[in-house]
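For reference, the structure I am asking about is given below.
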Amino acid sequence: MQRIGVFVCWCGSNIAATVDVQQVADELAKEPGVVYSTNYQYMCSQSGQQMIQEAIKEHHLTGIVICSCSPRMHEATFRKTAAAAGLNSYMVEIANIREQCSWIHKNKEEATEKAIILGRAAIAKVHLNAPLTAGESPVVKRALVIGGGIAGIQTALDIADAGFEVDIVEKKPTIGGKMAQIDKTFPTLDCAACILTPKMVDVAQNEKIHIYSYSEVESVKGFVGNFTATIKKKARYVKEDVCTGCGLCTEKCPMKKVPNEFNQMLDNRTAIYIPFAQAVPKVATIDPNACMMLKNGKCGVCSKVCTAGAIDYTQKDEYIEQQYGAIVVATGFNTIKLDNFDEFAYSQSPDVVTSLEFERLMNAAGPTGGTLLRPSDHTHPHTLVFVQCVGSRDISGCGKPYCSKICCMYTAKHAMLCREKYPDTEVYVFYIDVRTPGKNFDEFYRRAVEEYGVHYIKGMVGKVAPKDGKLMVQASDLLANDQLLIEADMVVLATAIEPDESARSIATMLTASMDTNDFFTEAHPKLRPVESPTAGIFLSGVCQGPKDIPETVSQASAAAAKVIGLLVKDKLTCNPCVAESNELMCNGCSACEKVCPYGAITYSDKEFRTPYRTTIMRRVASVNPAVCQGCGACTVACPSGAMDLKGFSTRQIMAEVDAICK
Amino acid sequence: MEKNEKELAQLIQEISGLNPKKCMKCGKCSGACPAFHEMEYHPHQFVDMVDRGDVNRLLESKSIWMCLTCFACVERCPRDVKPANFIEAARLALIRQQGCNHLKDEAVPPLLDEEMPQQAIVSAYRKFKK
Amino acid sequence: MQVEETKEFKPTIVAFCCNWCSYAGADLSGTNRLNYPANVKIIRVPCSCRVNPMFILRAFQRGADGVILCGCHPGDCHYTTGNYYARRRMTLLFSMLDFLGIEKERTRVEWVSAAEGAKFAATMNDFVATITKLGENRRLEDIRCKKQ
């Protein structure tokens, strides 16, 4: 039996004016288990707290009920008070008789009666309280960043700046991501490589950052502060620490007809390659699908020309296990495949290109050296048609239902650059809506129309048909209510973007939740936009939703700030009010595991004793207290009643219900 | 007409089973339409007219009979609005009203093609003459 | 409902409020001195998804006349998805209660955010008025629990 003390607060006249505090204290003193009951002007004051502490010691109280203001106000205060007197801080219950009683009721008799009932409910609950101790778990002071695009780079740099070790895992041979492929950035039109490559060099030179390029995260175990990741370093058949990046091998390699991914397949590379001149790490990689030596053992030119002796045809995939305190997801995006959009003749004509391909065509380091030429016959195009929303805002199932956000601006940029470099071109942009929210964005778009004379047409292209080396573009002009037929030299499709195909498997690995479009969901859409609901997982860049470079960078830094906030702690104090499974009652049905938004529940086979000295193996649930946030969804889902929430147990809430309904 | 304009628009929506509100006015349907220049009102306008309940003009227009029902607009529509289905529904809405046939009986014979199979003519009559 | 509908009838109403939104909303209606009847007694739960249908049955068994569950607005749940679970569970429970003869009006789910003190008070006033009109609930009551 608990020995309970009741302390009724007057809160000056805030409570005492409408509630007869003396009567409340007297009535509650009659409740079973209550050994001490009193009232005082200000319980939260120094002397009030002292009074509580003395009473705890003097009456050997095992639980206290404080009838005062909202627990949201002073629960923490009174818990500390109890702890200072040697009572477990979770043996304190608050009856809210100010915000939810005295302040809303005018009739003193009614309010007093309600205060007594609320006090009874709190007493009934505290009877069933058990001392809880907040667990602690250590924090490994190292962060993992998955993805080495601008988001991953910025996050890693910021975390390393604070003095923590960071590993970047990038599946391509170089970091840099999509931004490295881009020509110019809107709305300032500065060159993307000029602002990105110094950052890549910073990453390479930072002692705290380790880059695992051409690597993938294979598995992740553990929980916040204590993840264990297995990283697969794919065999690149070149010794990373020996290769000087001179590029001699790439010149001599006889296998010269391999499509170049970095240039969006618009030209070819060799089987041994360095993606681009400023690659980090600047190390060659052999494409095992193209290399003759690896395929049938006949070649070996690269190993002969390599003066450093870096080529190693026998290299194998390597697995590295590493511990991390926090994981940042920065997996980025890809443009969607255009298989469902035959009307734009993308597969029929090389002159129909996606915007990312167009970026490469305009890029000085691209396949045409920065001169805009038609991919089909390498002639100068005179009429260009840009089509917006290709695959975006599409609910028919062919594309993506969301707005890809960046297309309006990059199309304006492309159109503007075209007109600037080649004033003899006619540029048409077909749009549904032009969306330019952002600093200097609308001004930029208007400049494209007003100063550069780009023809913006409200309408959509219905059909593109290649005819005699030209592209016949049939489109509607909704403002003129007309159908146009434009003879174009090139068509550029503002293709929708989608999360990288690796995102879903990574989310599964991390038990991070995703939306139906495979974008990672944030812990709170407004207030916790860079955290995943799973503790210790942070989101950076487009993996969370479409965004442009400035937004990506600011989100990346925000994620870094959150990671630093986690890593500076030596130990994490866990919320002790977490779910707990009673293994004797659990039947292993997995209902709780499915509703848990945090992936805190795992199953394992456990041996149980049965009569006659036999044992059986049963599958039972266990909750990781470091991951559980204490929502209680599992407790209701559990059909056998094995799952319960500490601090808000089924019995406690039932006791409150009983006390109120009595 | 027996029904008022709003009811007719409602009827067209019911027959088509589609929601014109989903349309985001991109105009891809009109961009794709091969019969665009034959029509007074164009596919994107059909949808808008049905949505606004402004259908009398549409039903009186020849446009709805000019649609080839090639389904280019249905195929290309990114919003699943399917303008051709509205046009078909508009035709049905007209046909369902007795005496509101597109052509009068006596106007038909001169239009007939000699090479058209008899059976096709008879079944067309069955369908449209009620 | 054979109870004489006198003005004396004061229903017992149990309100389950989630800690993050609705309980804060209830506090706010107190801070703003927005009145609602004293019949409403609030039980704090971490999330609306913590509310087991059993709690509601228990409340009716012990003589409650109405039960209301308040949670964060859909999409705003502190635990991301808790209120969706609550919504589904309550939909099922309420249709079962309806089948048992407990009027639909006696049970309610409301979304009240931490900023909606006025909504909380208005909701409670409306709910109490509805229950008062319906009269005492005896359908599930366990007469052994009844205080004579």
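Residue numbering begins at 1 within each chain, and the chains themselves are lettered A, B and C in the order written.
In the analysis below, a residue touches a chain if its C-beta (ideal position, glycine included) is under 8 Å from a C-beta of that chain, and two chains touch if they have at least 3 such contacts.
Every value quoted in this text rests on a predicted model; they were computed, and no experiment measured them.
Placing every chain at the mean of its C-alpha atoms, the farthest one from chain A is found to be B. Chain pair with the larger contact count among A-C and A-B is A-C, by C-beta pairs in contact.
For the pair chain B and chain C, the distance between C-alpha centroids works out to 53 Å. Chain centres here are Cα averages; for chain A and chain C they lie 36 Å apart.
With each centre defined as the average position of its C-alpha atoms, the distance from chain A to chain B rounds to 48 Å.
Shown for chain B are the residues in touch with two or more other chains, of which there are none.
The set of chain C residues touching two or more other chains is empty. Contacts with at least two other chains are made by no residue of chain A. Looking at the complex, you find that chain C touches chain A at residues 12, 14, 19, 23-24, 26-31, 33-36, 38, 41-47, 49-55, 58-59, 62-64, 75-76, 78-82, 85, 89, 121, 147.
Considering their complex, residues 70-72, 96, 98-101, 103-107, 110-111, 113-114, 117-118, 121, 513, 521, 523-525, 533, 577, 595, 597, 629-633, 635-637, 645, 648, 650, 653-654, 656-658, 660-662 of chain A touch chain C.
Within the complex, the chain A residues that touch chain B are 343, 389, 393-396, 398-399, 430, 432-433, 458-463, 474-478, 481, 483. Residues 22, 24-33, 36-37, 42, 44-45, 72, 75-80 of chain B touch chain A in their complex.
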